[in-house]
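Below: a set of structures, written as structure tokens.
Okay, so chain A shows up in both of these, paired with chain B first and chain C after.
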Partner chain A sequence: MRAKLSVNLLLRANFSRLWRSASFWVSVAVMSAISVFELAVGYQPRLQGGAGILDNRYMIFALLSGVVLSAFCSLFTGSEYSDGTMRNKVAVGHSRTAVYLSNLAVCAAAGVLACCGYILPMVIVGVPLLGPFTMSVSSLLWFTLCAFIMTAAMCAIFTMIAMLNQNKAVVAVICIFLAYFLLFLGIYLNTRLTEQAVIPAREYIENGQILVREAMPNPSYVQGVKRTVFEILYGLPGCQAVQLLATAEACPVRLPLASLGAIAVSTTAGAALFRRKDLK
Partner chain B sequence: MTNLLRANFFRMRRDHMFWTCFGTVLACSTGFMIFWCRDDIQHGLQTKLEQYYFNMALPLGLFTAMSAAMFLNAEYSEGTIRNKLAVGHTRREVYLAHFLTVLTASLFFVAAWLIGGCAGIPMVGVWECGFQVVAFYALIAVCFTAAFAAIFTFLGLLLSGRSATVTVVLAWFALLLGASVIENILSEPEFASGIIITAEGMQTTDLGLNPHYVSGALRTFYEFLRDVIPAGQAIQVQSMAVLDPLRALLCDLGVTAIFTLGGLAFFERKDLK
Partner chain C sequence: MRNLLHANFSRLFHSGAFRAALAAEFAYALFIIGVTFYSIYIKEGGRFGLEEPLLFAFGIAGMIPVPMLIQAPFLSVYLGTEFSEGTIRNKLVTGRSKAAVYLSNLLACMTASVLLAVLYLALVGAAAVPTGLPLKMPAGQLLPLACYGLLALAASAALVPMAAMLIRNETKTVIVTLSAAIFAMFLISFLTARLGEPEFTAVYDEWGRDAIEMLPNPSYLQPVPRAVCRFLIDLLPTGQCLQISARSVEQFWRMPLLSLMVIAAATGTGLLLFRRKDLK
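Right, the complex of A and B next:
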């Protein structure tokens, strides 16, 4: 009973700080600004008589959320150390696990809200401007849910880094670097894993003669253990953003499961290490 | 000024972030080059050293940003910057000393990239394009790195708040994003494809003008903008396609001068508390 009350108090305090946090509102504003920019870029072909497709533009928030939230989580959680709030919470009797989980919950909620900062202008302005989504509502909601769970997983990893290191500048650099790294790794893995196994037969003309090149195995096709390793890495939060975009309509169940796994592992490890941490 | 530089370099030699970035650039440059060359050789593909040599040009700015952000942040958080002014150094000297330190650190990263890339020489031989071409692209890389250093010093020294580190590192991402958008616009082909794939096979049609192709004054403006953004030049160096080398070098010079002079002017008036 006491522990439950304790977490509620911590959550209330953290959310109260969140609504006053400049970094949170900047994160939401950045996501909204990018959403408006994407809409403006998407509307241009429509002005020239072409068709603007909303679906592709809608999904971009999954790619951006990692980088934006890496900055937010490091600043928000880092303030707990720099302002001495962390020690105060522990001093008044809250358990370290409760402190850890409350920070994680607020960061994950902020992550989802920042994504909503992108989604709302896209839906409210985008649909009247560019027309309705071409994918079904169920696919759209499923994609959004998968992206939210991935965002929460990213927040869990950033929170773990921020809770285990008291130097806010170092945390910020590590988190942002990690977000970039996972994003570019995802793009690289997508390129390698979507290579065709066989290069199809092709007809071509040389010196006026029609020649046929037989189908041949693609040397760039990744197979065996290497493919398995690449597929596991491709499921990591961050890398997963690229996969979500590539398979938006039929996003496999293993993606949110991988994200939930990442949340469980990072939170268990983070909370265990935080319990032993010297808070000075 | 000499004393300030000596003190900064002394600190840089003991800076963990500097050595981490230096080691990462060297390891990535060497590792990726060996990986790519070995991959091509195994698949029986003919490869040239320059095909992969410039790939590390793009992330160089990130390492400059991380190193600069941490180095400049420590100046404020440890109170060193006030000590320097208290003992009689002018603000101008302090700013320039920091800029030169960040610039030196970033040039070390460029050197790490260029040296690490040579790991491919035993596997595929030296550059087929000639040493002059490599030196030319390396020169542009040095210049855009100087422009990055000027921008990050400007941000790192003028934003002394808690979010300065984050702003500096995200500035690189914003520059990269801006440059990528411009690159996408400029890479639109002038004519729409004249080939249509139908159920009955491939059919050719008349070539039509691509409505997304940007031409005239607007294209020149976009090209200029791509050169002004250091990340835009990094993209061009990476693909070994610098459109106008002289303009690129002049843009680097201009960006470095504007940010350094602007930084000096603002830093003179900054409240250091």
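Right, the complex of A and C next:
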């Protein structure tokens, strides 16, 4: 009962700080601005008589969320250390686990809200401007849910880094580089894993004669243990954003499961290490 | 001014951020040396000239501006501590002018930035010259290119004190400068891709073998936007460094002039705003 009360109080305090946090509103504003920019870019082909597709523009928030939230989590959680709030919370009797979990919950909620900052303009303005989504509502909702869980997993990783390091600037550098690294790793893995196993037969002309090149195995095709390792890495939050976009309509269940796994592992490790940390 | 410079350089060489930047630059140089050796001895390629690994001091093949990604967080942390530890206020209290404080910080940053690149050039030069790689670019061309690259790095470093003096928060400065460096990288890639659009696109016959018609490419940039894109790439220090690393510099004479312009504009703006700033 007491532990429950402790977490409730911490959550209330953290959410109260969130609504007043400039970095949170900047994150929401950045996501909204990118959403409006994407809509403007998507509207260009429509002006020239072509068709603008809303689906592709909508999904971009999955790619952006990690990058934007890396800065937010380091600032928001870091100020708990720099302002001495963390020590105060522990000093008044809150358990370290409760402090950790309340910070994680607020960062994850902020991540989902920042994503909503992208989604709302896209739906409210995008549908009248570019027409309805071409994918089914159930696929759209499933994709959005998977992207939200992945965002929460990214926040869990950033929170772990921020809770274990008291230097805000160092945390910001690590989180930003990590977010971009995972994104580029995802793009690389997507390219390698979508290589065809066989290069199809092809006709070509040489010296006026039509020649045929037989189908042959693709040397760039990844197989065996290497493929298994690549597939595991491709499921990491951040890398997963690329996979979510590539398989938007039929997102496999293993993606949100992998994100939940990442949340469980990072939170367990982070909370365990935070309990031993000297808060000075 | 001399005392300020002495104090700044002394702090620079004792700073953990500078040591971290040296370690990062060292690791980058080792990576390029490793890739060069792999290409020469294992892949038995080595058809590139000695200038290629040397000019990677300014970025990887016109794509990733590594020195900017190293110096942006390092210089932000280095300058941020001036504010967080009250050093700036102490300097002013002891009678130094704001201009002298700003300029001494600027000089320390520019020197550190150039030193990091010189470290890279020395390491890669010492490792690559004994391999017998031929210099495919005339030395009379390579030397000015390297000097222009160092000037562009100094120009990039001149932007950090401006940001740091205005933001005055170590973590926020790190986030802003690092995000700006990454944004500049994407912007240069986008602008370079737009400049590379062909003027006409071919329409092939139904078998896809022969071009039957050439149509104007709507994405081809007309003279005025083309000149603006070109100017932007040449103006931004990141653009200059990436051009040098890819050895695709078109207008040699323009780059040092634009770098000097960036240094002058950043210093002028920074000084003006810093003089009006209330340091509390």
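Throughout what follows, the second predicted complex is superposed on the first by the 280 of 280 C-alpha atoms of A that agree within 3 Å, B and C clash if a C-alpha of one lies under 4 Å from a C-alpha of the other, contacts with A are read in each partner's own complex, and residues count from 1 in each chain.
Here is the rule we use: a residue touches a chain if its C-beta (ideal position, glycine included) is under 8 Å from a C-beta of that chain, and two chains touch if they have at least 3 such contacts.
Fair warning: this is a prediction, and the values are worked out from it, not measured in the lab.
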{"item": "Fit or clash between chain C and chain B when superposed on chain A", "value": "clash"}
{"item": "Partner chain in contact with A:V229 - chain B first, chain C second, else both or neither", "value": "neither"}
{"item": "Partner chain in contact with A:Y180 - chain B first, chain C second, else both or neither", "value": "both"}
{"item": "Chain A residues touched by each partner, larger count belonging to chain B or chain C", "value": "B"}
{"item": "Which of chain B and chain C A:I205 touches, first, second, both or neither", "value": "second"}
{"item": "Which superposed partner A:S220 touches (first chain B, second chain C, both, neither)", "value": "first"}
{"item": "Contacts on chain A seen with chain B and repeated with chain C across the two complexes", "value": "71, 74-75, 78, 168-170, 172-173, 176, 180"}
{"item": "List of chain A residues in touch with chain C within their complex", "value": "71, 74-75, 78, 168-173, 176, 180, 205"}
{"item": "List of chain B residues in touch with chain A within their complex", "value": "17, 42-45, 62, 66, 69-70, 73-74, 77, 162-163, 165-166, 169-170, 173, 211-212"}
{"item": "Residue ranges of chain A in contact with chain B within the complex", "value": "23, 45, 48, 50, 67, 71, 74-75, 78-79, 82, 168-170, 172-173, 176-177, 180, 219-220"}
{"item": "Residue ranges of chain C in contact with chain A within the complex", "value": "73, 76-77, 80, 170-172, 174-175, 178-179, 182, 209"}
